[in-house]
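Have a look at the structure that comes next, please.
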Amino acid sequence: MALHPDRLLPVDPGTRGIARRLYGAVSGLPILSPHGHTEPAWYAEDRAFPDPAQLFVVPDHYVFRMLYSQGVPLEALGVPRRDGGPTETDGRAIWRLFARHYPLFRGTPTRLWFEHALETVFGIDERLTPGNADRLYDAIADAIGRPELRPRALYERFGIEAIATTDAALDDLHHHAALRDCGWSGRVLPTYRPDAVVDPDRATFREDVARLCALAGEPVTWSGSLAAHRARRAFFRSLGATATDHGHPTARTADLGAAEASALFDRVMAGPVSAEDAELFRAQMLTEMAGMSVEDGLTMQLHPGSVRNHNPQVFARFGLDKGADIPQPTGYVHALKPLLDRFGNDPRLTLVLFTLDEAQYGRELAPLAGHYPALRLGPPWWFFDSPDGMRRFREIATETAGFANTVGFNDDTRAYLSIPARHDMARRIDCGHLARLVAEHRLDEDEAHDLAHDLAYGLAKAAYRL
Amino acid sequence: MALHPDRLLPVDPGTRGIARRLYGAVSGLPILSPHGHTEPAWYAEDRAFPDPAQLFVVPDHYVFRMLYSQGVPLEALGVPRRDGGPTETDGRAIWRLFARHYPLFRGTPTRLWFEHALETVFGIDERLTPGNADRLYDAIADAIGRPELRPRALYERFGIEAIATTDAALDDLHHHAALRDCGWSGRVLPTYRPDAVVDPDRATFREDVARLCALAGEPVTWSGSLAAHRARRAFFRSLGATATDHGHPTARTADLGAAEASALFDRVMAGPVSAEDAELFRAQMLTEMAGMSVEDGLTMQLHPGSVRNHNPQVFARFGLDKGADIPQPTGYVHALKPLLDRFGNDPRLTLVLFTLDEAQYGRELAPLAGHYPALRLGPPWWFFDSPDGMRRFREIATETAGFANTVGFNDDTRAYLSIPARHDMARRIDCGHLARLVAEHRLDEDEAHDLAHDLAYGLAKAAYRL
Amino acid sequence: MALHPDRLLPVDPGTRGIARRLYGAVSGLPILSPHGHTEPAWYAEDRAFPDPAQLFVVPDHYVFRMLYSQGVPLEALGVPRRDGGPTETDGRAIWRLFARHYPLFRGTPTRLWFEHALETVFGIDERLTPGNADRLYDAIADAIGRPELRPRALYERFGIEAIATTDAALDDLHHHAALRDCGWSGRVLPTYRPDAVVDPDRATFREDVARLCALAGEPVTWSGSLAAHRARRAFFRSLGATATDHGHPTARTADLGAAEASALFDRVMAGPVSAEDAELFRAQMLTEMAGMSVEDGLTMQLHPGSVRNHNPQVFARFGLDKGADIPQPTGYVHALKPLLDRFGNDPRLTLVLFTLDEAQYGRELAPLAGHYPALRLGPPWWFFDSPDGMRRFREIATETAGFANTVGFNDDTRAYLSIPARHDMARRIDCGHLARLVAEHRLDEDEAHDLAHDLAYGLAKAAYRL
């Protein structure tokens, strides 16, 4: 059951041989994690992780959505209720439930991430079953108390060179400040994520914009709010930020004149806000953010296309990020035009595009990124952060956009232990893709070695200015 | 020319070896056919099939659409005209025409189904050509007169454990009743297909709704019609039905209040019906049907996205189902929301989703099925019931939805002799997919054996409660 | 670094062996190039090509869009400015810049086309690097002065049997006339491309329509313009044309009554033109063109779905066709219906459909082409004219449309030297696809040989009546 050295490499023996050589040369490179969702507190406080269920099940929406889809209540998996209602708190009970349903993950990346962590972090190379669930639980519970499994020790053991967190525009970044001052050599960088203050559909939008302006000592006006964004971005940069991130329902952008934009700001702050005004404000803010990136050099990331909280019952009971976000068709060619008309030719801007709509890899995204100096393609996102998902991305995007218009890998995860597994998966799949090109005589092996290094390390370093 | 034992298995020798072992263990499992279009009369009356052309060409839209696309008139293929106009009636002439154009089917599943039936049912392992057309015609014509080629004998020979037919809501199911009473051990189950009484765009909609209500002794009102549906569903269940099926132009659902729904019913019954009212009524009826499935346990199937009768000349001359139905883009994420808001979290509902829009496998369908307890993904449908179509489905859907949120195979066919060929194709492709996962060390072989059994048998049995 | 004899063939050794045999039998077939963009002047005047940069870099949007996407100004690549502003004119400087950025093309078809031309035309089997750039430049510059590298000599050396150019409806075709009269045996055929006189959004639309009518001695009326089209088409046919070509933003068609169409013509000629009228006029003209093709037998090609000149700065400075055309989602099922309702069943029409929207291969295009006698599928277009692009097309389209509803290969290129490379790529990929079908026992090898010949030669000859 142990991890096989050839896992995820191409099955054809000749191609696998090439892939092995390529992978062997990049498997040990440091990890750059320029887009993720780990907690800065972990690194700042360096406390032991709680029990195995809290480590592997309770916070991982990939895990609990699959069990939920097969009829397991989220309460039984320990997911906290918003109303404080009863939910399972016994880690062992949650773990046993996970073990009983573990076969559901056959063929999914979750299973590969989990087993990689089990073996490389805990030395466990058995498949989880109801029969060994208790024994494995005890082994993990025992191990996570040890110093070498604390967050900073793992950071070093995982070979991380830099890792970005995701932080609200209003965040005071005190953990990042503490990390800057504490003398530890790890690089934990904040990322400016202003969704709450650019999306009028959020319940706390108006208060949050007011707080944003107050933090910067600016009036609550259109120009005041822009100045406040600039001030917050500078603050984030002072603590190491190299990027912003924007999660929008669509990729729509706008480029209104100042008077129009100001009037729109006044309308969305006065409320109630029409759907069109909310969308237009988000659209305008993307272009403003691009303009600020031209000024301050923060790499801009756009993650559009998720219908958040699709399931009102799950949202009412458990809140955000509970596996009920579902992709929708997402256009780029018309949506991005206002922003691109303004900044698309400016090489000072790096705008990294993500998608949940694979039909866009070849139709709009690769053609756009293969033309505009400001655009790059992010790696396969979320549901497509998977072996076959990564393969499709490379097969479809590369012939039009090349490799240089992509940005390496993002692990995009809250699951700290899965980070090495995820980067390893990406390196294996990318080496497999390159090996196929070599085996088909479309690329020479020395070139493939260069590219494997770029995809594992160099492209992320350059795109995120790490 | 004979069927090769390794056909449709992966080409890589190592992977093929694994696939052979997996396939060997499931190739002989009984056939569950929970969604199909064979005629209940065949089993009830157990008469010999007519001539070879009537068996293989005239009723098979996969066959005649291909010949039509290359300029062969449908009349020459024996397709009956609605006006009773002249059409070829000489089976041998039709068969010769088919033989002359047989190379058109290279690379299509039709060819594989046809040759499987030729060899396994008739012992013919030659490729059909103009040169042997007459001889093969005679051999088949001779064989189909024999008792061992009667429908019931074939049912047993094919190893069918249960087969569902598709039956209009108004159908009296007298063949199913006869089958229940006749002592034969075959299981031929009706399926409740109420399209004609839920779609105001059908020419006979109003009369059909009136008949539906009359059959159940209910008034022709909104609530009367719902009661009538309940009564008809109970009748279908009494004759073995375990499922309903719904063929709609889109996946749109609605969840109107009772007063609104009642007013809508009155409008569509009064006519003329606006396009929006027709769509809204269909949408509302899907949610009503889901609610009834929660009550009575019938598995619900939704087949959306086909533009029926795209070719008005073909429709005017030959009617429905003549190969002129063309898929259109089909959304699910917003369309299904009203139904899912109401019943999506209810594990008593099993709603099996199909699509003709492959862009939806990864974008909306797998994410939805990987979250909602009520949802399952049907197998690749219609144009995608093919080797490469099945591969794409597994490659794209599995990483997000897993295997357990799919329902095994549906043959979906009127072509009785093709049923074993179609199930065999699905088993081979699924085993090939599993073998690749094993060869890539993403799955262990014992797990792949479990899954091969699930995909060939277990999932259909569970999802359709057979 | 030399071209490998097995390049682009499948990696599995057994499958590769089959592919080699298939490819070996078709690699030497004559080239039919029924859709391309080479200049008729080249063949008529038979002058030497200018310097290496003008041959390989300056006119090739695949090349300069990639360099531009990575921050290289188009001026530095010698792309002429509309305002006559400064642009690089030193071919050697451009070539050096190309050499420095050559690694960008790893994994792209451009690299394969370029190296094929380098080796087969110039005998160069080194990879271009900054170190050898000058030497290679000199070698190419030296060679292109020689008689055996003149356009006609290359036509013969490339084994071209017929090549089509693309010509505006107003073109006087004097080069084609000169070619007809000069005694050279090459077949260089014009193609009727009326975009400028059917698209009211073009700046010169009204003058161009007036000129069209004047050329034919017809009044500038709806019926006069149709008569003028008929006259121009007859003129094109007199010089060898066998096809028309239509580049539209969408695939929308219309079938207005004569009075309505005439009123629409009057409105678009009077101006200003609404977006809807412009689209409707283009839509109506497609149906008119189809009707004329029924009459005169010209094969009709439709290339929809490109958003032209997406980048206003690039357009303002450099004009059309500068790598800034981006695909958009493109529907066919509803868009084509008016045209198909009128002519879709008429086997005298051959309408070849192209797409930049791969989601359409399986969803709409293959189902349409597998039914309508008038429809055929063009080869993968533009961004998808690539090894993996071609593979996806065959894998997705074939199972529904078969091979006979496709039309072989189009090179679609302005880059004369790349023509043999492009046809060779298509032959290799098609043979690889066929080899896989043979290796999976879905096709017998003798059938694959027939099909390889069809795909390389026979289908184009038939579809374009060459």
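A, B and C label the chains in the order they appear, each numbered from 1.
Operating definition for what follows: a contact is a pair of C-beta atoms (placed from the backbone, for glycine too) under 8 Å apart; a residue touches a chain by one contact, two chains touch by 3 or more.
Which protein is which chain? UniProt says A, B, C = Uronate isomerase.
Worth saying up front: this structure is predicted, and the values here are computed from it rather than measured.
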Contact graph of the chains (line, ring, star, complete, other): complete
Copies subunit A (Uronate isomerase) and subunit B (Uronate isomerase) touch via same or different residues, half shared test: different
Rotation in the CA alignment of subunit B (Uronate isomerase) with subunit C (Uronate isomerase), degrees, nearest 5: 120
Euclidean distance of C-alpha centroids - subunit A (Uronate isomerase) vs subunit B (Uronate isomerase), Å: 40
For subunit B (Uronate isomerase), residues contacting two or more additional chains: 12, 359
In the complex, subunit B (Uronate isomerase) residues that touch subunit C (Uronate isomerase): 1, 3-4, 6-9, 11-13, 65-66, 68-71, 103-109, 111-112, 127, 307, 310-314, 323-329, 356-359, 383-384, 386-389, 392
Sites on subunit C (Uronate isomerase) touched by subunit B (Uronate isomerase) in the complex: 10, 12, 14-15, 331, 333-334, 337, 340-341, 344-345, 347, 359, 362-364, 366-373, 375, 395-396, 398-405, 436-437, 439-444, 447, 450-451
